[in-house]
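Common to both upcoming complexes is subunit A, partnered first by subunit B, then by subunit C.
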Partner chain A sequence: MTVLENASFLLQAPGDDCPSLERTRSSYNPLRTFELPKGGQKHYQQQYADMYFVRLAQLKPAVERIAEEAWDDFEIAGEKARRVDRVLDVRQGELCWVVGTVYMDMPLKPNILDDLEKEHWIVAPPPREKFISNGQDSIMLEDESGRLRLAGTFLTSRMLVTGCIVAVMGTENADGEFEVIDSRLPDLARQPERWERDEAALALAGRKVKGERQPAGKIALVSGLEIGGKDASESLQLELLKEFLLGEASSPDEQTRVAGISRLIIAGNSLANASPIPSREEFAAMKKASRKYGYDPSMYNASPSEHLDAFLGGLLPSIPVTLLPGASDPANVALPQQALHPALFPQSRSYTKLPTEVSDEPAWFDSVTNPWEGDVDGWRLLGTGGQPVDDVFKYVHSDNRLDMMESILRWRLNAPTAPDTLWSYPFQDGDPHVIKDCPHVYFVGNQPRFETRVIEGTAAQQVRLIALPKFCETGVLVLLHAETLAIECVKFEIFRKHEQA
Partner chain B sequence: MPPKRRSAGGVTGPAAAAKSRAGQTTLSFHGKPNKVTKPAAPSLGKDAKPSSTASAEKGAPLVAPKAARLSSGTTTDESSVDDSALASPVDIDVDEEEDRDQEDLARAEQDESEEEDEHDMSGLSIETTGTAGTTGSMGATVAEKALLEQARAEPREEIEAEAEKVSESRIKAYWREKEKARLAPRVHQEGLSVHEKVLREWDTSGQYGPCMGIPRIKRWKRAYKLNLNPPIEVLAVLLKEQESNNRRAQQAYIDVLMSSRFND
Partner chain C sequence: MDKYKHFLAANVLNENRIVNYRTLSRALKVHANLAKQMLYDFHQRENAKKVGSVHATYLIAGISKADTTAHVNGVSSSNETGSFMQSSPFPSSAPEPEEVEEQIVTTTVMLAKEEGLEDAKNQFEEIRSIHIYSLAPSPIKDFEVLATCNEDVDKAYASEDPLQTLHVYGVIKNPNVKRRARRGPPPPNAAAAQPIAKPAVKPSTTAKDAASKEESSKAKDETESKPAKQKEDESTKRSAAKPAAPKREKSDLFKSFANAKTKTKTEASAPKPQEPKEPEDEPMKDVSEDEPEEDFDPMASKQASDEARKQRDQRAAQLAEMMDQEDEPMEDAPSPGVEEQEEEQEAPALEKSPEKQEPEKREAGVSVTNGRRRGKRKVMKRKTIKDEEGYMVTREEPVWESFSEDEPEPKKPRAPIVATPSTTKGRKGGPKGQGNIMSFFSKK
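So, the complex of A and B:
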C-alpha cells in the first residue's frame, strides 16, 4: 500500500499553475502475420497434414544447419554420425541423425471417445489439469515417410510436445526403437535490430533514415480484465486502472511518470465467459422451459461488452490501445483468433479503422489477432492471449511457465500443439505459427502469476519473457520501459475492510 | 452433406445472375481472354498471359470453340451468353458445359445455376464428379470449387515462363530417367500417356507434401517456394494440361478417386 509522503498536494486550494502534461508518442507498426482472409476466401477443404508438412519444410533447414554444426565431427567408437534423409531410413546399429516432427503418444490425451462415454456413464470423469501419464507416454518422431519411436533416458531431460521439430542423433536398437543420444532444436530465430522494419520502410520510400529518434516511453501490458464476471468489485478495480492510466489518480510526480506510458496492450480475456455454451442436457432443459421459437434476444446480456466499451472509450482519447482477443472473448475459437469486431464497441469504434479502409496506417485503437506480432517503439513484440502456453502446460511435466515460454521460442513455434490439441485453422501454404523473427519481447496473458525473465540466444539475441497475470484476480499492470526493456509493476488493490471468512 | 452456403451478397436466380455476370466481367485489353474471333492457339508464350483479370484462367484458351458449343444443348442461363460475348467467365462455363456433356452428366442445368450463384470471383467452374444425390453433387461442387479457387490465376512468375519452354522431348527424357531408376517397369500403367504417368509420380512423391486437398499446380508452387526443388518438367506438364483444358489433371488422381460420385 502506498503511503503518500507528500500529501500536501491534496490539501491545496485549486490553482491555475498546474502544467498540462503530454503523453509520450508511441511508435507503432504492427504486422499482419496472423490475419486470415475474410469470408468465403477461407477454405477448409484441406487437411492438417498440409500444416505439419509445411511446418517441417520451413524449419527443417534451420535445424539441419544447427545439427550439422554440432555433430559434424561427432564420433563414438570410431563411427561417425551421418545424416539420414527420411525417418524410416535409419538402420539398426548405425549411428545417424535425422530431423522430424515430434509426436507424443499420450493415452490420457482428450479423446473424442470420452464424449461418447459420457452418454453411457452418469458422471463424467473430472477434468484433468495435466494429461501426462506415468510411464505410458511414448515419444515418436514423424516425417512424410513414417514414424519412429524414440527411446532412451536423454529425452526426459528435454521438454517436448507434439508438433516440435527436432533433430535427434542415435541409433536404432534391437526393439526397432531409436535410442537417442543427443538432440537439437531450431533455437532462437534471427532477431531483427531495433527500428529495423521502420528504417527499411523509410529506405524503400527513398527518405532519409532518421538518425535521432524521440526517447520512447513505457508500454503498459495487462490481461484478463474479465469484465462481466460475477464479481462486482471488478468495476472499481477497472476504474482505478483507468484513472491511473489517464493520470487522474495520483500526485503530480506520479502523473509525470504516467505521462510516459505511451501505449496500452490488453492481452486477452477482456470479457469473461459469462454465457458459456450449454451442454446437451442444459440446452434441452432450456428449450423445454422457453416457449419462444428461435433466437430469444432476452438471453443475451449486453452489459459486459458495454462496460468494456465504456472502459476503452474513456481511455482512448488519451492513450492508444491494442486489444488482443483471448479464450473467453467473442472471437473465433481456432487459432489464430481474428480481431474483435468493431461492432462490439459502439463508443470506441470511431478510433478504429473502417473494415473497408485499406490504408497502412494503424488505427489508434487497434483490435488485433491473437497471437499478435508487431513493432512498438522499434522493438518487435510477440504476444498471445495465453492459449498456446496453457496447452503446452497440459502435456509436460514441468510447472514452470517461463520455461514453457522459453521452449516455445526455442522451438520457433508459436503454438506447437496446434493443430493436435489446440484448435487451429488448416494452413496450407505456410504455417504463420513458425516464428521467423525472434521478438525482443514475448508476452503471454492470463497466466497464474506475474513472472519475467531474459533469455539469450546463440547469436546474441536477447528476449524479455513476460507472463502477465489476470487483472481481475491480481490487479497487476506491467509497465515495460521501452528504452531499456526493464519491467515495472503497478498493483491495484481495493481495501476490503470486512474480509469474507 | 451440409447444404451449400450462399456466398455473402451472392446472387440467386438466373436473371440476377446474368446481371451480376455482366456487371462483374473484368475486361483487359491485352492477352488471351478477349480474343473473340477465332480459337486461339494454345501456347502464345509470355506475352499472352493475363495479369489483371481475376477471372482469367492461366494460359487456357478461353475461346475454344465457343460458337459451336452455344448451339449444343444449353440451359436458359446459357442464352444470355450471346449478350456478354466478351465475358471470359462465361466462356469457361461454356467449356464446362461441353466437358460435362461429354461426360454425360445429367446435372448440367443444376450445376450451371449453382455456378451462377457462386460467380463472385472465379470464372472457373468445376467438373462435377460429385455423388449421385442432389445434395451430394452440390456439396462436391462446393468442395472442388473451393479447391480450384485456391489455384486461381495469380501473376505469372518467371518459373512458369521457364516451364513453358520445356519441350516434349525433355519431358520424355525426364520420364525415361525415372523409369531407369527402378529395377522393374511399372505395372498397370500401360494405357496412360507420359503426361499422366509423370503427374501420378508427382502425386505420390511424399517429399513435397500430401497430394490430397490441394490442386497439383498449387502443390508444385508451394514446394518451389519452400525450396524443395520440384522438377520443372512436372510444371511443364501441368501447364500443358491446363492449356488443353484437361480439368482432370488439375487434381491429384487419388483425390479424384476419393471424391468420385460413385464413392459412398
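So, the complex of A and C:
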C-alpha cells in the first residue's frame, strides 16, 4: 500500500479557501434515427413481414459485394460457384451461393400457444435462459420467394440468430438441405470520420470549419441504477456517485480529474420496477384488488421516480446528462423505446427542451430513445439499454457478450432478433435497426459484467465495444477518454467488514 | 472561523446527529474541501479531549489490490471463452489473449468506518485521497443512515438556485449549462418541505439548536457584508432569503394554484383577455414572496400581480396553442358538432395534406407560393413488385415525389383564437374527442 503525497491533504486543520473548478465542455450532436412519429402518425396495423423484406433489400447489396469479392474465382473440382438470385432457384448438386435472411427454428422459443397453456398449469415453468435445445433446432435461409434449410457442420461454428442477413455458399444435397461450405456477413458499415457530421453542418451553414478544437474530456457511462429495486441499500452508493461526479468527494487532485468528465450517459434501467407491462401473475393480482377510479397510492409508489429526479436534478447544474430508457423503465416496451417523458422529472425537466421547441440545439438534459446514436465529442456513439444483446444471448451457445456485440455490428443490425423474439415497432419504409454508419463506440447497458474490446473492420474501421454492468450490483462507472477512446473505471464500494449485524 | 466548532458541537454532540461534509459545507457556505478539513479538526480535538466521543467515516480513493489482479484474469478468460468464429475472416478482431492485455485503470472509491479504516486501507494498492466523510456521536450501525444526510441537504436547500450557489460548495462549475426559466409548478417534494429561514440541517429544529444556528448565520452575515444593523430576526431572514432568487417553493405553490384557477377560467370564458376581477387571487399574491423587495409597497405589489396575471394569460394562451397543435389531426375530419368555428377551421383543414414520414428526404426545387412550400424531393421508397415468374421482390428505389406543406409561420397569430373555442367545444358539445372518463366506468 502506497499513500500518495497529497492524499492526506484533507486530514489537517482547515486552511485556505479552495479554488472552484470548471468542467470541460462536451460537444454533443444527437441523431434522431430511432424516434418514432408522434401521435396519430404512429400505426400498428402493419405486417412485420415488411421489416424483413426491407432489411433484406437494404443489406443485400452489401453482402453481395463482399461475397462476390470472396467467391469470385472459387472452384471445387473445376466447378465454379454460381450466384443465385433467389433461394428457390438453388438446384440440387450445383455449387452456388445465395443471400437471404436467417431464421432459427427453435422449439423452445416463446410461443403464443404456450402462453395460453400457462393458464392451465398450477406452476408455470420459469422462463428459459436460452432457446437452444440439442438436435431440435434448425437454421433456415429465407427471402421473399421461400425457405431453404441449411445444414452442415460449418454452421455450428458460426454465431447466427434470426433476422441477420448472410450469404452462404454450398450445394443442395439429396435431402433438399443446403450444405454450407462458407458464409459471409455484411461486416462493418462505413465509419464516419471524427467530427464529420459537425463539420458538414458547419460547412453547410457557410461558416469556416473550425480548425482548432479544445481537447475533449471524458464521457461517463453508467447503466442499471435500478432505483427503488431492493431497498435503501443502493441509495448511499448512488449518493457517492453523485458526489463524485459533482466533484465534491475526494481530494483536490481527484476533483481536477473529475472536472474532465464532460458528460454522463445513462444506458437504461434507471428505475427498477417501472416497466408498464406487468407479468401475468401481477396482472391477476391487480384484478383482484379493489377497482377504484383515480389515484390509488397503494397501487403506485412515486418515490423511485422522485429519487431519480433528485439524482438527476443534483447532477444537471454541473454535468449534462443523456438518458436512455431500458427494459425496466417506464417507456414503451417495443424497440425503439421512446424517450422517458419529462413529466417524470419535475425537478430536472427545466434542463430539457420544451415539447413545442423545434430548434436543433440539443437539450442539456437529453432524454433520448433506446437504441440511440449521436455524436459526442465528434465520435459516433451507438448505445442500447441491453435488450438486443440479451436476446441474442438466448440464441447462441456462447456467454461472451462482447462476441455478441461484435456480431451485431458485423451483421449491421442493431436488433437482429426483432421482431421475432424482441418486441419492435412495425416499421414499413426502412428498418432503422440497420446500422448505416458504423459507430466509433458501441455501448450496451445492463450486462452481467464490465468488458471492453476494440474491433477492427476491413476498411480500417475501429470500434470500441463496451459492455456496461449494472451499477446497482457492481457500483461501476465507466469513463471513456474522448481523445483516445481509452477506458477507465471507477468503482464505488462500501467497506462493510466491520458492520454490526 | 470557529463557527464550525459551534455547529458541530451543537449538532453532533448535543443533538446526536450525523453530519457529513456536504451538510457542513452548505450550513456554513464553505467549500467542500474546507468542510472536510473542519470535520477532521473537530474529530481530532474532541477525541483528544475524550476518546470515543466522535466517530468518523472515511472516504478513500485509490487503486484497489483486488481490482488489479482480478481484472487481468477477466480479460484473458473472456478471450478464452470466445469460441465462436465469425463467418468472415477478420484480420485483427479475434485477438490472441496475450495481445489484448489492455490495462484498464480502476479507481475505487470506498467508504469505510473509523473502526475498519486500517483494514480498508489494506485493500488498496495505492491511496490517492482520504478524507473524513461524516461524523457521528456513536459508531454507525448501518451505512444507510448516511444517505439521509444528503436527502436532508437536498430538502433543506431545495429553494436555492443550484446554478448560483453550487460552486460555493466546491461543485464543479459548468459555464455551458442550459436551463430554461421554470414555468411549471414546483416539484411536489420541494413544495412539501418548509421554506427554511435559517440554514437548518433538519426541518425539525429545537429551540436551542436554532439559537446556535442563528448565531452562526448572523456571524456570517456580519463578516461577509457589513450592512446597517437591522432587527435581528429580519437580518437573518434576509440572509437566508437572498440566494433563493428564481424559485421559492412557497410562492410557487400558491402560484401554481392560482395558475390552475385562471387557466380553467380562460378556457371556459371567451378568449379575450381577462379583466382583473378575481379578488380571491389578490391576497394570495401578496402573501407569496415572489418579489421580496416589493412586498411592502401595496402599489408595486398590485402592479406586480397585474404583470403576473398578464404572464399567466400569456401562458394559458400558449398552453391552448399547444393543445391546438395536438388537436390538429382531428381537425382534418370536420365534426358535426361545430358550427361557429367551421369557417375559421375549414381553410387550414383543407389545405393540410397528411405529410408522409419518409426516410432520406432530399429536397430540390422548393418554391414558396402563398404561404405554402411546394417542391420535389428524392425519397427512398420500398417497392414490392411481382416479377415475370410471379415471385415477390422487394427493392428500395429512389423516387421523386412532389410535396407541399404549410409554412408554420402564418398559422401562429391565429392559433390562440381558434384554440380556446376548440378546447371548450371538446368539453361542452362532446360529440367528438374525449368524453368524461367516469362515464366509461359507471355501471351499465
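Note that in this section the second predicted complex is superposed on the first by the 458 of 501 C-alpha atoms of A that agree within 3 Å, B and C clash if a C-alpha of one lies under 4 Å from a C-alpha of the other, contacts with A are read in each partner's own complex, and residues count from 1 in each chain.
In this text, a contact is a pair of C-beta atoms (placed from the backbone, for glycine too) under 8 Å apart; a residue touches a chain by one contact, two chains touch by 3 or more.
Values in this document were obtained by computation on a predicted structure and should not be read as measured data.
Chemist: Clash or fit: how do subunit B and subunit C relate after the overlay on subunit A?
Modeler: The answer is clash.
Chemist: What is the contact status of A:58 with respect to subunit B (first) and subunit C (second): first, second, both, or neither?
Modeler: It touches subunit B and subunit C both.
Chemist: Going by the contact rule set out at the top, does A:453 touch subunit B (first), subunit C (second), both, or neither?
Modeler: Second partner only.
Chemist: When both complexes are superposed, which of subunit B and subunit C contacts more residues belonging to subunit A?
Modeler: Higher number of touched subunit A residues: C.
Chemist: Of the partners subunit B and subunit C, which touch A:243 in the superposed model: first, second, both, neither?
Modeler: The answer is second: A:243 touches subunit C but not subunit B.
Chemist: Given the touch rule stated above, what does A:492 touch, subunit B (first), subunit C (second), both, or neither?
Modeler: After superposing on A, A:492 lies in contact with subunit C but is clear of subunit B.
Chemist: Between subunit B (first) and subunit C (second), which does A:439 come into contact with in this model arrangement: first, second, both, or neither?
Modeler: neither
Chemist: For A:325, select first, second, both or neither according to whether it touches subunit B, subunit C, the two together, or no partner.
Modeler: neither
Chemist: Should A:383 be classified as contacting the first partner (subunit B), the second (subunit C), both, or neither?
Modeler: neither
Chemist: Look at A:47 in the shared chain and tell me whether it touches subunit B only, subunit C only, both, or neither; answer first, second, both or neither.
Modeler: In the superposition, A:47 contacts subunit B only.
Chemist: Please state which segment of subunit C collides with subunit B in the superposed model; the candidates are 97-105, 403-411 or 421-429.
Modeler: The answer is stretch 403-411.
Chemist: Please identify the positions on subunit A that touch both subunit B and subunit C, taking each partner from its own complex.
Modeler: 39-40, 50, 53-54, 57-58, 144-145, 428-430.
Chemist: Which of the residues in subunit C end up touching subunit A in this complex?
Modeler: Against subunit A, the touching part of subunit C is residues 1, 4, 21-22, 25, 30-34, 36-38, 40-41, 59, 61-62, 64, 67, 74, 78, 81-88, 90-93, 95, 100, 102, 104-113, 115-116, 119-132, 139, 141-144, 146-147, 150, 154, 162-163, 166-182, 184-190, 318, 322, 325-326, 329, 357-360, 380-382, 384, 391-396, 437-438, 441.
Chemist: Using the touch rule from the top, collect the residues of subunit A that touch subunit B in their complex.
Modeler: 39-40, 43-47, 49-50, 53-54, 57-58, 61, 144-145, 428-430
Chemist: In the complex of these two chains, what residues of subunit A are touching subunit C?
Modeler: Against subunit C, the touching part of subunit A is residues 1-4, 6-15, 17-18, 20-23, 25-26, 37, 39-41, 50, 53-54, 56-58, 66, 70, 86, 88, 144-145, 157-159, 166, 182-185, 187, 232-233, 235-236, 239-240, 242-244, 246-255, 258-259, 293, 306, 309-310, 313-314, 316-320, 346-347, 349-351, 354-356, 361, 363-364, 396-400, 402-403, 406-407, 410, 428-430, 449, 451-458, 487-500.
Chemist: Going by the contact rule at the top, pick out the subunit B residues touching subunit A in the complex.
Modeler: Subunit B reaches subunit A through residues 7-8, 120, 143, 146-147, 149-150, 206-207, 209-210, 212-214, 218, 222, 225-228.
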